[in-house]
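You will see two complexes here that share subunit A, one where it goes with subunit B and one where it goes with subunit C.
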Partner chain A sequence: MTAIPDQKKMTPTALDVDRLRQDFPILAQKINGHRLAFLDSAASSQRPQCVIDAVRHYYERDHANVHRGVHTLSHRATEAYEGAREKVRQFINAASTREIVFTRGTTDSINLLAASFGQDIEAGDEIVISHLEHHSNIVPWQMLCERTGAVLRVVPINDRGEIRMDEYLSLLGPRTRLVAISHVSNALGTINPVEQIIAAAREHSIPVLLDGAQAVPHQRVDVTALDCDFYAFSGHKMCGPTGIGVFYAKEEWLERLPPYQGGGDMILTVSFAGTTYNDLPYKFEAGTPNIAGAIGLGAAVDYLLDIGMDEIQAHESAILDYATNAVGGIDGIQLVGTAEHKAGVLSFNLDGVHPHDLGTILDHHGVAIRTGHHCAMPVMEFFGIAGTARASLAFYNCREDIDQLIEGLHLAIRMFN
Partner chain B sequence: MNEIEAAQAELIDDFRLFDNWIDRYQYIIDLGRDLPEFPADWRTEDRRIHGCQSQVWLRTDCADGRLSFAAVSDSAIVSGLIAILMRVYSGKRPEEIVAATPEFIAAIGLDAHLSPTRSNGLNSMINAIKHAAGACADAG
Partner chain C sequence: MAETQDLVTLYRQTVLDHSRQPRNFRRLDPADRTIVGHNPLCGDKMTLYLNIDQDRIEDLAFEGTGCAISMASASIMTEMLRHRALDEVQHEIESVIGTFEPHGQDDTPIAGAMAALGGVRAYPSRIKCATLAWKTLAAALQNQNTTVTTED
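For the complex of A and B:
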């Protein structure tokens, strides 16, 4: 097994955020006459110049279809595409690149599993999810249940937005076929106790899928140490391009699961008498893949590892603490989601002010946040609210961004009261 | 110049008083504070305007050759937009409402400053008003 590459993992040191911000041309612009405070990275992060350059370089010099050409460009494109797969393998410490399937994103990865794993699901089988999930980790399972007669079991949460582990343990049983739970909640930022979740499922021999979309940008993720069966994440939330994502699965699972889509690239031989499927991971990559997206994602992995995931986590944690104290200290603000362990997200409401109105005024102060239900309507329903204002962080955020948010909130309070 | 054109011209003039968008938003928010009362039992599903991210209900009334309406929203900014629509359209002749072009949207700059979802919502409200005006004109 290959160790995680050097992540400068001695003691976490303060990031030179001013220098890192210069890697992101988009952050240098003015919005409505103000410095841009981009606090919407949970929806989609920004891209550093090196990722933009990698995609551009690929199109300018190396593009051809992968895996089948004998000519130089096809060889280069294949090397770059497969090189990106190896970078992703290292990033999450998978055992082999055979376990790394490129998809369109987290949603696509979860749908892949629901479609493929779902072929073996029968009426009365149970899928366990949590009340915290993003719609993309709810709807594919609801569709599977509708198709098969399986039952969706939902682990409740407490008032802080934390999964109730006692309830989780009581839901695991002989009919449970899969546990599908977010690593980090997109709406509230709760870091779920995935080690315990996996260990408990393991006792019942139940496989576990982690939705890692909101985890991989913020902390070191090691799928081998976690011992999860499946892990899904998106490129665009971790400085990579849109339209590229990853479905990790243990090799034994990928061998067992039937293919998701049919087409070119996923086959070895095709005749009208029958078709033999390609080797892993290509069995799950039908059609010409998003080559440029994968290469851009590989460049994003290089960039993040060069900064160091532990350094990123330490910096973001400090900024989140600063923001939580500053925003939470404003009269009329209610924080939504106050879990003990959180990453990257501050969700809140301002008394008597619709979140969209708040977002509009903040935008005119140069502050970009997300407002609404964050594709997690059950979470909003649990708290009895229509939505929240959500400020979300990346390592390129600094105290100045939070100070600008606070100024914007005070401006909004003056305007709406 | 018909009544709606005159109302639009007056509205556009009002917005010229402000040289930045925070002040314009403040004006919109303030306009929304004075909406007429909209009783809870008017908030029925058939009066819901879809296409808005916030909740909006619209109640129209066709009488004496005029279409008047009231509306309500849980958003202060949308309430201000409702107040603007009332100034432009409410109490006017239905034929004029159907024929009117909402020139104030671009003239004020709402098209550039509202989010796409808000613009959709504004268009949904205008369509509902025009639809009611069409029915009102046919009835009259």
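For the complex of A and C:
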């Protein structure tokens, strides 16, 4: 056991984490004889009982297809599904539910934009992304560039893992059609200066997509205040079900953009002479949607708002400070990603122990972390490493989780030296 | 503790020793065959160099980076197979891949130097680390001068 000295300056956590942890049945189990220290929420968070119950209740009592039946169950299912859309709207402060498109997740949302917006892209047009992006905010744009002859421009980062704003500004020009950048990096935890990124793009009238997969679960996000054109996120990283996500777009964009997929629900009338598309947001929701997923996501939104996003952010930030000092203080540890503004992600390497081996040893100690490239190979390439070990936080993490991580790291050091 | 025992079985001294100081860890120049083995899930990447003299492996060496299991496995493999006849080598490859692959839960003892890596069979997610070098060699013997990955 390693004792970690208390930091006096640490803000006292307002959250009653012990009580919150009881909402998560999965956290109560033992892994390899140890309490579970779940430090992999950036890959996917866990779900509280209320989300599990909402999905279950829906299937037990209310399920039918939405938007098309006159019977009671169809009415209930539609109310619940559309109710979830309103919850999401409030959660990110969109102007209208017409701007909230349910998708399968962040990846699907970005592909929607690439396919739809992409129809208007021509050879020589430029799409600006950053070196920090998750593969899902790289590959759809590469595919679009291949299809159209457009050019992908990549904003470089510095060795703390921060976007180089000077380079960003110089990349914006008359050929730039879109800026697509992560709000928070999943590999390093860097919080990007999205306000400045958007403001600079505005000056050139360039629309901005933010990949908010790692932001929405951890801080208050207000798309109206941000004034971004598009915003994408996933349900499963914010205590909601898998297979549900959100594509937010300003209404004027959704009016202009052509539909993504064709099928039922996205039309008003179909004849062989032609088809009229449905109203927003349904124009972008072809086929029977993930109704249960949306309802579960609505329950997750209620749950998070009940705790308070500012409280969540403050708590995670305190735990991150604690973890950064404790892990960073171990001999032979290199922290990867040391941005000034960071969310709850700690990426690191330990001398002489490959991340993959570290992952196995920590798992033995009940500690779940992710190892590898975190779907951000260009970031790893930038730092000249094959991968990192990554501990990532959610509000249900406590100091005990970090202490257990530290014990596991010492176990690895003992075994390998 | 029992769990720690499992770990100690996985990371035996022999394994740690091979991973820290891999044998035949160098480039062969010229080499009859050069092939890259890649495990994209964890970033392990090794280049295998092979010189063949009639129907024998005359020299076998590798370079690259990877976890302790994949490095030890490659190191042990090069020691086991240098100067061996190609038909024996083929047999060894099949036998090693066969003992590691089925479900990783098999208790049948592993013959030869690869026995040191037997602990891997209790860790299904690590089997690919143990077999990467062997699969790469198998592809090299089939004269594929490409990249082999664990993900297909």
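Simple rule for what comes next: the second predicted complex is superposed on the first by the 404 of 417 C-alpha atoms of A that agree within 3 Å, B and C clash if a C-alpha of one lies under 4 Å from a C-alpha of the other, contacts with A are read in each partner's own complex, and residues count from 1 in each chain.
The criterion applied here is as follows: a contact is a pair of C-beta atoms (placed from the backbone, for glycine too) under 8 Å apart; a residue touches a chain by one contact, two chains touch by 3 or more.
The model shown is predicted, which means the values in this text are computed figures rather than measured ones.
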When subunit B and subunit C are modelled together on subunit A, clash or fit: clash
Of subunit B and subunit C, the chain that contacts the larger number of subunit A residues: C
Touching partner for A:Met380 - first (subunit B), second (subunit C), both, neither: second
Touching partner for A:Ile361 - first (subunit B), second (subunit C), both, neither: both
Subunit B versus subunit C as contact partner of A:Gln404, first or second or both or neither: neither
Subunit B versus subunit C as contact partner of A:Gly372, first or second or both or neither: both
Subunit B/subunit C common contact set on subunit A: 32, 353-354, 356-357, 360-361, 364, 372, 386, 415-416
Of subunit B, residues touching subunit A in the complex: 21-22, 25-26, 29, 53-54, 74-78, 115, 117-118
Contact footprint of subunit A on subunit C as seen in their complex: 1-4, 6-8, 10-11, 16, 20, 41-45, 65-69, 123, 125-126, 129
Subunit B-facing residues of subunit A, complex: 32, 353-354, 356-357, 359-361, 363-365, 372, 386, 411, 415-416
Residues on subunit A engaged by subunit C in the complex (per definition of touch): 32-34, 352-357, 360-361, 364, 371-373, 380, 386-387, 415-416
